[in-house]
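For clarity, chains are labelled A, B and C in written order, and residue numbers in each chain start from 1.
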Amino acid sequence: MAREKYVGRSVPRVEDERLLRGEGAYVDDLHPAGCVEMAVLRSPHAHARIVSIDVEAARNAPGVHAVYTGAEAAAELKTITFDIAGMIPDTVRENIDVTNRVNPIPVLAHDRVVYVGQAVAVVVADDRYLAEDALELIDVEYEPLPAVVDPEAALAPDAPRVEAEWDSNVAITLRYSRGDADDAFAKAAHVVSETFRSHRQIASPIETRGTVALFDPDGNLRLWSSTQTPHQLRDFLVKFFDLSPDRVRVKAADVGGGFGPKGALYPEDLLCVHLARRIGRPVKWIEDRSEHFVATAHGREQLHRIELAADEDGRLLAVRDEIVHDAGAYNMLGLVVPHNSLSHLTGPYRVPSLEVSMQVVLTNTPVTAPYRGAGRPEAVFAMERAMDRLARTVGIDPGELRARNVIPAEELPYRTGIVYRDGKPQEFDSGDWPALLEGARKAAEDRPWREESTPERAIGIGYAAYTEGTGVGPFESAKAELVDGGRIRISTGSSPQGQSHRTTFAQIAADTLDVDMSVIEIVGGDTGAVHTGFGTYASRSAVVGGHAVVEAAEKLREQILLAAAGLLDREPAELELSDGAIRPAGGGDVLLPLAAVAGALTPYNPGRPAGMPARLSAEAHHRPKTVTWAAGVHAAVVAVDTRTGEVEILRYVVAHDCGRPLNPMIVDGQTRGGVMQGIGGALYEEIVYDESGQLRNGSFMDYLLPTVAEAPDIEMVHVDVPSPLNRLGIKGIGEGGAIGPGAAIANAVEDALRDRGVVIRSGPLSPSRVRDLLRDAARQPA
Amino acid sequence: MPDAEIPIRVTVNGVEYAETVPARMLLSDFLRHRLRLTGTHVGCEHGVCGACTVLVDGRPARSCLTFAVQVDGAELRTIEGLAGEDGLHPVQQAFHEAHGMQCGFCTPGFVMSVTDLLERNPHPSDEEVLDCLSGSLCRCTGYASIVEAVRLAEKKMAEAGHGA
Amino acid sequence: MKPALFEYHAPERLEEALALMGDDERDVRAIAGGQSLVPMMNFRLATPEVLVDLRRIPELATLEVGADGSLTIGAGVRQQDVLDDARVAATWPLLAAAISHIGHPQIRSRGTVCGSLAHHDPHGELPAAATVLDARMTVNGPDGERSIDAADFFVSYYEVALEFGELLTAVTFPAPAPGTGWGFCELTRRHGDFALAGAAATLRRDGDGAADPRIVVFGVGDRPLRMTEAEAALAGAAVDEAALEAVREAVAGAVEPVTDIHASAEYRTELAAHLAAEAVNDAWERTDA
């Protein structure tokens, strides 16, 4: 009997019931016996010298177990530096001129603070209430120093230095060029020259960060964290604290959303471990929302001075871009985000000559890190805005301009000349981008929107086309085991925060092994379940984790057949695992249920096959050759109320290539979630600092996440072209939704206001900003 | 005395509890850490995200904006009390079928709000649905599937004869 | 974000509550719904030493229409209860409209009308509604009971005309004159947010012209602002486009909002003008001819 395959079907989620019953185990739900709670004292200054700190009163406050300061941390603990910050493959170095310097992060600020919110001291007390009471008793004397907040201002020669010993605030410089941009610009029929700014945002998962650290009676470290990368966290703790990897177990709790910032490691994680050891009790730290705004990585801030050169028909001849990327106070992750901006800048377009220079600067603000899209939304904002400006200059429809420039399917695979940050040549492996564009245009322009414009209600259409390198390496691990009762447990290095791995990986495994999905249990995010792993971010888990699952399942099947052969006294080749049981090769009745195979391997069984382990287990580590390329085109139709500045999204379309959907329901859900985050950034969300580096909107009252009332209908158009780079043909889908909206909506608003001289250079497009733009444009001489 | 413990009696999901609590203990912390009912989540502690929503005497309340002492004598319903002996509550079931959740952190707050809405207003208008749902934030789903879940729950509850 | 320590009382009688509020050695605050106060306490922006919970005081639960046709809402009455009351929808539709714009059902089911008035966020709907409807505040304190007109009650951001030891115990909305039309408009960035600006208007029709116009704008100053010049432009005239334009100009000239992260001063000014005209227009269309 042929079982219907699971992959490709919208199988309902395995995850839901326990979460719906309120039986989730998020990190704050865990409270080991004797657990105490940590609270953090944070700098109120963007830049200051710490003159003195007095913790006596705090130490004596009710319920306090410890108070720990930067001076003690400086004496006892290393500083934080991530290997990846300095990792630049040789092939990348040959491809770009790059300089890179990394400033280490102190666990607690000692002499100086360099951003508002930086951790200065911590209190550990019986509960968070008492810990916060004690924080108020810590007396810190600061000597404020001049701060630099704007990334362009940070480039000025006389700007305050974030790193005192550095000769500038520049952490990274990067130059790439191909072709002859000067020549192209000299000869071009059309040149567009603009400045666009992608503004600072914060991912804002509904669950903030948190960590619980515990040393068990045998001295083993157990850590639970709201993290996207438990294995990397484990690896870092092992190095930082000189621990043996076998005596450290890190588990991602149920994680209430990640989106990038929970893929980093933070001082608080280290402090929980250090203080748990010192105090001899489990230490829990749960970030509150107010802290989250200053203590968890921000994202998206980038400035582009971009120029396009095109021929009479609008075909691109060259692109030049000078980029300033704001790293915050520390160069924490090196090229991770900036290089993505380079490799995704020109998206799906043919661009013969390209010149990109980038400066990554430090400012007195919290660090920036990947946030859903991780450098792609920033680059796409600049490029897609510039394309619309070019369409205007050339005098053609913006959709048509794009159609003239997208690389056709026949030309794929297509090498751009850029070396991707994994060290491999950037090669677009598959996709039908003209079809994506056409699908988006048809869905969006199914009625003559622009003709429906009135002076009070102006209607416009905007597009954003992008490519997305997904499934980045270096690897992902999976371990498949046949456990009691014939169930199959597969533990992965992938670590979900809502991506539904327990369902999609079970679909993959069930198809691979030809068993019912109910037999499969997927365990993610536990270094105790599988020893190696890399984690979930960068739209990689389906591709890399999914194939590790396939390979581990196949290896397990070999072992199962070997064990069954031993039990049945046959050759493995005479048997098959099909429809949930061992049968004769070619099909037939059940010879052995899986439960029987599992049960028969116990050493108590005298008839057990010789030489076989008591429990069958197989590990696989999937190393992708390089990224596989997803792509999308977003289309937004907006109505702008020209009197109030309100922007209403009338239609939103996502045309998307995910290679091959594992579970269409989940693909759509992930995409829609990403689109709403993008809409948040386009219209509502902005992290605002004043000149002295004070955060002006550090709460949900003033940092505005969109609600259901702000959500348009999002229509999906699927143009899936299977990836030739992996067996399942899949591409990553986690981030695509968030890459397009900033550009698509800005383009649509400008299109709506095309006759009024408004140019949109940054977001968010609040009603006030829109009106201010209209007013300013009206004041310009015609 | 500011740190005096105050005795309260509160019924949660039909079970009566007698506890003494500090006056300043938030209801969210009382439920989660004193009663170990961790299904109610905390996302912001300033009343915007809705993750902490529970029902107090038949009305939705943000437990992060309520002191435990303020609900002395009250009857509370939390996510843990929704499912019955024959399985999930129709609202819970609808969230599952409509794929109305991904990370699940905001879900209990939404489910309690929606349960309250449909019990008092079995056939709400689109506006009423949006008004109710806009009191909770979700970062994962993009909301469309949550709206679908509400309409699916409406049908299920009407078929089962729930609500007013 | 946990609140600081405080002493808690839930008296069953108003006199007890007032006695506690009369403590001149400690910072004492009253709590009813807590939807405005508790967030501030969680941020430790408000750190009262004593909290007096009003929930057990029966006389504060009043929601009644008096013999003179006025509506009295006691300090313990939730916003949602007022919104759900058919009498309010029928006779004080502007009040119902204002409340319906407050946050979300989860806020309204705990928050109280008087609490919102006493808290006085000038971006809030209720202070503006109270001002345009000429509400009267009943205040109880060490010197007994007194009445304060809404026009005198809202002083500045988070500041109202309560003296030391006083408690707002009720608000009374007079019965509107027959045939009064009303308008209430606001603009928010998201559903349920505080308004970027808003306007509330009432007027009657006298022959062909408007009579007794009352126009209040909010979100553009430190309290709800009565637009007397705009009202003067309207009195006796038909509410046509010219009259609305006169209202817009008068409002634009009368307000001086500040620029903040959500909106520029210029934007708030033009928005207040725009919304005032809309509210006036709505009120005109709702009058009985």
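We adopt the following convention: contacts are C-beta pairs under 8 Å (C-beta built on N, C-alpha and C of every residue); 3 or more make two chains touch, one makes a residue touch a chain.
Just so you know, these numbers come straight off a predicted model, no measurement behind them.
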Pairwise touch network: line, ring, star, complete, or other: complete
Furthest chain, CA centroid comparison against chain C: A
Centre-of-Cα separation between chain B and chain A, whole angstrom: 30
Between chain C and chain A, distance of the C-alpha-averaged centres to the nearest whole Å: 44
Residues within chain A bordering two or more other chains: 129, 288-290, 699, 701, 707, 709
Two or more partner chains touched - positions in chain B: 3, 22, 24, 45-46, 130-131, 134-135
Junction residues of chain C, two or more chains touched: 1-5, 39, 43, 190-192
Chain C to chain A touching residues, read off their complex: 1-5, 39, 43-44, 187, 189-193, 196, 261-264, 266-268, 270-271, 274
Chain A contact footprint on chain B (complex, rising order): 3, 22, 24-25, 32-33, 37-46, 48-49, 51, 78-80, 82-83, 88, 92, 95-97, 99, 101-108, 111, 130-131, 133-147
Complex contacts: residues of chain A adjacent to chain C: 128-129, 132-133, 136, 288-290, 643-646, 684, 686, 688, 696-697, 699, 701-702, 704, 706-707, 709-710, 766-768, 771-772, 775
Interface residues, chain A side, partner chain B - complex: 12-13, 15-17, 19-26, 28-29, 31, 62, 127, 129, 203-208, 254-257, 259, 288-290, 497-500, 665-666, 669-677, 699-701, 705, 707-709, 711, 713-714, 737
Of all residues in chain C, those that touch chain B in their complex: 1-8, 10, 31, 34-35, 38-39, 41-43, 49, 51, 53, 55, 78, 80, 103-107, 109-110, 190-192
